[in-house]
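First up is the structure itself, then whatever we jot down about it.
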Amino acid sequence: MKSVKIENLDWVSYRELTEKGRCKIILPVGAIEQHGPHMSLNPDVLIPSHIAVKVAERCDNMLVAPAISYGYKSQVKSGGGNFFPGTTCVSGSSLESYVFDVLQAYVNHGNREFILINGHFENSMYLCEAADKLVKKCKNEGVNVKVYLLSYWDFISEETIEKVFPDGFSGWAVEHGGVLETSIMLKLHPELVDMSKAVDVEPATFPPYDVFPPDPSWVAASGTLSSPLPATAEKGEIILDECISGIASHFG
Amino acid sequence: MKSVKIENLDWVSYRELTEKGRCKIILPVGAIEQHGPHMSLNPDVLIPSHIAVKVAERCDNMLVAPAISYGYKSQVKSGGGNFFPGTTCVSGSSLESYVFDVLQAYVNHGNREFILINGHFENSMYLCEAADKLVKKCKNEGVNVKVYLLSYWDFISEETIEKVFPDGFSGWAVEHGGVLETSIMLKLHPELVDMSKAVDVEPATFPPYDVFPPDPSWVAASGTLSSPLPATAEKGEIILDECISGIASHFG
Amino acid sequence: MKSVKIENLDWVSYRELTEKGRCKIILPVGAIEQHGPHMSLNPDVLIPSHIAVKVAERCDNMLVAPAISYGYKSQVKSGGGNFFPGTTCVSGSSLESYVFDVLQAYVNHGNREFILINGHFENSMYLCEAADKLVKKCKNEGVNVKVYLLSYWDFISEETIEKVFPDGFSGWAVEHGGVLETSIMLKLHPELVDMSKAVDVEPATFPPYDVFPPDPSWVAASGTLSSPLPATAEKGEIILDECISGIASHFG
Amino acid sequence: MKSVKIENLDWVSYRELTEKGRCKIILPVGAIEQHGPHMSLNPDVLIPSHIAVKVAERCDNMLVAPAISYGYKSQVKSGGGNFFPGTTCVSGSSLESYVFDVLQAYVNHGNREFILINGHFENSMYLCEAADKLVKKCKNEGVNVKVYLLSYWDFISEETIEKVFPDGFSGWAVEHGGVLETSIMLKLHPELVDMSKAVDVEPATFPPYDVFPPDPSWVAASGTLSSPLPATAEKGEIILDECISGIASHFG
Amino acid sequence: MKSVKIENLDWVSYRELTEKGRCKIILPVGAIEQHGPHMSLNPDVLIPSHIAVKVAERCDNMLVAPAISYGYKSQVKSGGGNFFPGTTCVSGSSLESYVFDVLQAYVNHGNREFILINGHFENSMYLCEAADKLVKKCKNEGVNVKVYLLSYWDFISEETIEKVFPDGFSGWAVEHGGVLETSIMLKLHPELVDMSKAVDVEPATFPPYDVFPPDPSWVAASGTLSSPLPATAEKGEIILDECISGIASHFG
Amino acid sequence: MKSVKIENLDWVSYRELTEKGRCKIILPVGAIEQHGPHMSLNPDVLIPSHIAVKVAERCDNMLVAPAISYGYKSQVKSGGGNFFPGTTCVSGSSLESYVFDVLQAYVNHGNREFILINGHFENSMYLCEAADKLVKKCKNEGVNVKVYLLSYWDFISEETIEKVFPDGFSGWAVEHGGVLETSIMLKLHPELVDMSKAVDVEPATFPPYDVFPPDPSWVAASGTLSSPLPATAEKGEIILDECISGIASHFG
């Protein structure tokens, strides 16, 4: 069988492809999280998974591992908050342990380089911890492992931001369920977006602190932190192209 | 949006469907594990996921959660062993915590009944522990939760076994990568099976104990515990039909 | 002092006996669990402990470690369920950690081979995890450790089953508190069995799934999964003899 | 069946005896630890177990749970140190979790009062933590649990000390493997003591700090912290009598 | 005794001040981390501690808890990286557990509102997890707790940024050891700053990803992410004044 | 910068001072705990911190790490109990993990010898576990680490005891909040002691066991276990001098 997706390979093919640690393993990590009434719960999984496959198809010697679907708890200022029905998140320690173990298993097969493509902001610090612990443990056992950790939106240039947000960009922080993700989903999975249900909201503004338990009144009732209305599949395509080629050229 | 898959719903639709805890949530749990040179690494994920969707489509008020892809370590006598390249498994505590947290998140949305459809034998005791701890914790907090835990092959009848194994059945224990799973995959995902690579092996026999580290010589070089050669898509269809209708009638 | 039981040795004798890792250490692992109104709560501890001593007495260079008395939670289909008064079980992670630490301590003394004799089905996967983690940790530290894991009933032959169950065998799964364990206890500890209280029950049948919280109505009120009435000390002797000689010949 | 030992009861008898939480459950906690070349490794288990049974036999409504055999790591100044062959100890977290789970299981049966009889000094703080966590967790769940924690030697009076140590008492701290434990073992288990191997040592003196890794030269080669030579079964009887009656009168 | 610092109070005074949960407890959380050759390792502790005291002195009913000194691992892009000598950091799980327990202890005294003032960016997500878990656990026990979490620099206004960075502001991300922290330290602890050792560096620029193990060549040899040269005590005073009055007015 | 306190050093100075592991790192560990109505909550932190600095100033090649302020739960018989307002303690596992991580970080800088100066009796066993685990882990990684663990009062001689307690010494066990700590605080921090609020109490006597939940009636209402009235700054000076010179001469 031929595929850049590990799960679609038989083990003999996988062994050949990964021999001598020559493959970089891409692990998409996302979340099941509300993204407004106009969009499904899985953009944080689908987008990094798509990018991972496209990057691997462009580069030699990259394979894509099955994604981690459930991510760390949604926070009010970046994802609307963990109290929305449908936002289905795990604790930091569970995410960290699960990702650690998955990476360790791939190391056991002889792989030595990993690219974590993150699609959910809140995961970052726990992925960082999993990567740090793995690398140190392996080093203590005489194995040199390298883990790259990236969030796909960090590969978007100023030029693209200007194109995608011609009326001004309010910052990644409020892009949850807004133009960025909606545009990409319109391009990739139009069947999972219903623009007729998209709600126009002002870019969210927040007090300079967080509060627990979170205060639902800080977030628009729709759950997005900015308006998805200007989203288009064309914008999605531009963004994806840049992320895919950026990541491919950095790690290819 | 309309789907039995939770991830494909927007949060408002999800909220409506799950109101008053009226939905049972099905969580497929599998593994990424070698299944012989003739088959991809993901049957333990794809099969329970397919069954889950079909059961949910037949029953009112069931939804399917995104599957848990990485499961507990493959054991020699049931899955060939954790040393095969491609077999990518996590520790028991990581699986238990991750599943616990996922179920807790669905409880937080108001759901009260869960069906864990397991596709990987080795997961069972850790799912059992996650379910037990969740149910007790919720009860202590005044919330009554019910978790059903099943492995799909336990819904296969003697009659079907006779049809599928006309030359005699060696027991579920050695069905890893054999007729059962290969037939179902031929039915569901023929593109992930290449029967030209299938290796004929005698049903595995093992000493009456386990040993750690595992001894690779206990397992056929191909990784399956019995021969996949007699597998056919027709057999797969029979098995699936029975599992789906059995599960649907028990829990519908 | 002279004994195959480690606890009865003074440390100097123990050091001599275990020098150069030449002893295999047997660790019996059991449970405190109801076994019907006719029998004490400790067969799962006493039986593997007895077998361990007898095996060690037959073989050179084996020693028996103090047993682990409290095991993993009794499950309805194999042990009647964790809700019976007297069934006193621990979580999987506690059992795993405790056994791991005990084995590690014996490794620290220079021992390299271990035989875990399990007397309680539900322990298996957690013992498996403890053994796997120990072996890997030691290997990373340059120490090769081998752990054998067995449940004593897996050493019983078809011939013996026919002798012990002349009217047909319903499978190990329902032997909880039935002929197997009652016969052995009648042989070893008749003072802990009161056949006048033994309750005749049909071999248990169960739905093809588990449920949490468990449903007590699935189990006979007496707590056994099959009838202990045909049990005799003679049958117990036959079973024990076979288990002891089987284990001794495999590992001696 | 009739016994103060829980493990020897059938579950129906246990249920009757413990109804309405009317029984105090005694849990002996010990260690497998060297006690000099003249004595077995198990005095820390056997002594509190014996005391527990005798106390329970004197009092109404007390039952003895199976002992915890493996305790926290032996420390140089109280047990000679964890580096002696035969000293087989677990980590603090494993001991704490295991004891916590055992107590929780007894609480689940309806028991509400516990007496932990400790036979190994080093266990104390971890038992304390287990007890504290259990009591708080239960209280949060609306269940009032009471745990008494004692080390048996704290019930020995000045008068007895004078009788047992007519030439002066060097303090409990150095009684490891000395007159106290040897005398009791001579009374209870003379077959596990061989006074011909007893080594005369001065009461240990130590620097006012601990060091890790421990320095074996701090301890006498024999492993005891004072001389067992003056030990006699008569002294053992006096000590036991006082401990048993003291504990019985406090908690009976 | 009279003080806004809890540690300086006797327990009777503390009890009176905190009666009926009327006090907000401020917990400063920092790190021991290199901040360039011109500055001590403790600005992340000293700054939030100072702000906490000043805020508490301005507001009624606020008390300052002893600070958490050791924080989560320094990251290359925000703190230079965890490989610098002197950067002394703990794992995420240790920080989370320690902070959780500290907050729980204050809740046990009857306190209900907390303000975590963070001085080390990398701590944020672990403080967030500790706060989230505490609030949920308490709620399940019938206690309503509120935790505010803030990083002091989020209270600095655009106007102040313009004053402090007249030649342009490169963003908080590269302020590690730069004008912000150096100015504050010059104001608060001039004895811990030696401007003669301050190294002029360009604001750091980084690739759009992280890598483990970190690559020291990404960071200036001095360890700061921007130049501390323009720092002055006057700027420090302006910043502190704004942070203190901002926090005081939000929570007073 | 010049200081024996690590936190006051810049990283370059710290690197020079600790080169080749030539420095011993002193880590003071204390607690926030009531010490009677006449004294602040922090003697267990301030006293070992002061001793640490003085010892380091006397010896070459010693540095003092920032103290661990929050310690293990106060016990009735040694600290009055964990139920006093102001007594702010953490669990054993949190303390152990936090200290372990801090020591590991210093090991990562190249340090190899540590002196833990404990100011709170209840911390001992958890510090012991942290030290033991660190030393073993490092050894497995090829790094030899040495950890000394001491409680400062163990350096006080019989002579000093006679001077400080001319009317008889009731043992360290009841010195909580009594003459020992009050005298030292009068010497070091007279502003944190108010002798007008000191309460005269008899030396505490306790039953020979502990109980959970603790019984507040076992402790004097003031919270101290003996009377602080005879405390004087002069006595504090004598004690401090002896501890400082004793520790310095042992480890210098």
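The letters A, B, C, D, E and F name the chains in turn, as written, and every chain counts its residues from 1.
Quick note on the criterion: a contact is a pair of C-beta atoms (placed from the backbone, for glycine too) under 8 Å apart; a residue touches a chain by one contact, two chains touch by 3 or more.
Fair warning: this is a prediction, and the values are worked out from it, not measured in the lab.
Hopping across touching chains, the smallest step count from chain C to chain E is 3. A centroid comparison over C-alpha atoms places E as the chain most distant from chain C. Rotation angle, chain E onto chain F, C-alpha superposition: 180 degrees, expressed as a multiple of 5. Separating the CA-averaged centres of chain A and chain E is a span of 29 Å. Centre-to-centre, using mean CA coordinates, chain B is 47 Å away from chain D. Residues of chain E found to touch two or more other chains are 91, 93, 140. Taken pairwise by the contact criterion, the protein chains form one closed cycle in which every chain touches exactly two others.
Touching chains close into a ring; read starting at chain C and passing to chain D, it gives C, D, F, E, A, B.
Residue ranges of chain D in contact with chain C, taken from their complex: 1, 6-15, 18, 32, 34-42, 45, 65-67, 69-70, 84-91, 93-95, 97-98, 100-102, 105-106, 109-110, 192, 194, 197, 223. On the side of chain D, the complex with chain F involves touching residues 72-73, 75, 82, 91-93, 96, 122, 124-126, 128-129, 131-136, 139, 146-150, 154-155, 207-213, 246, 250.
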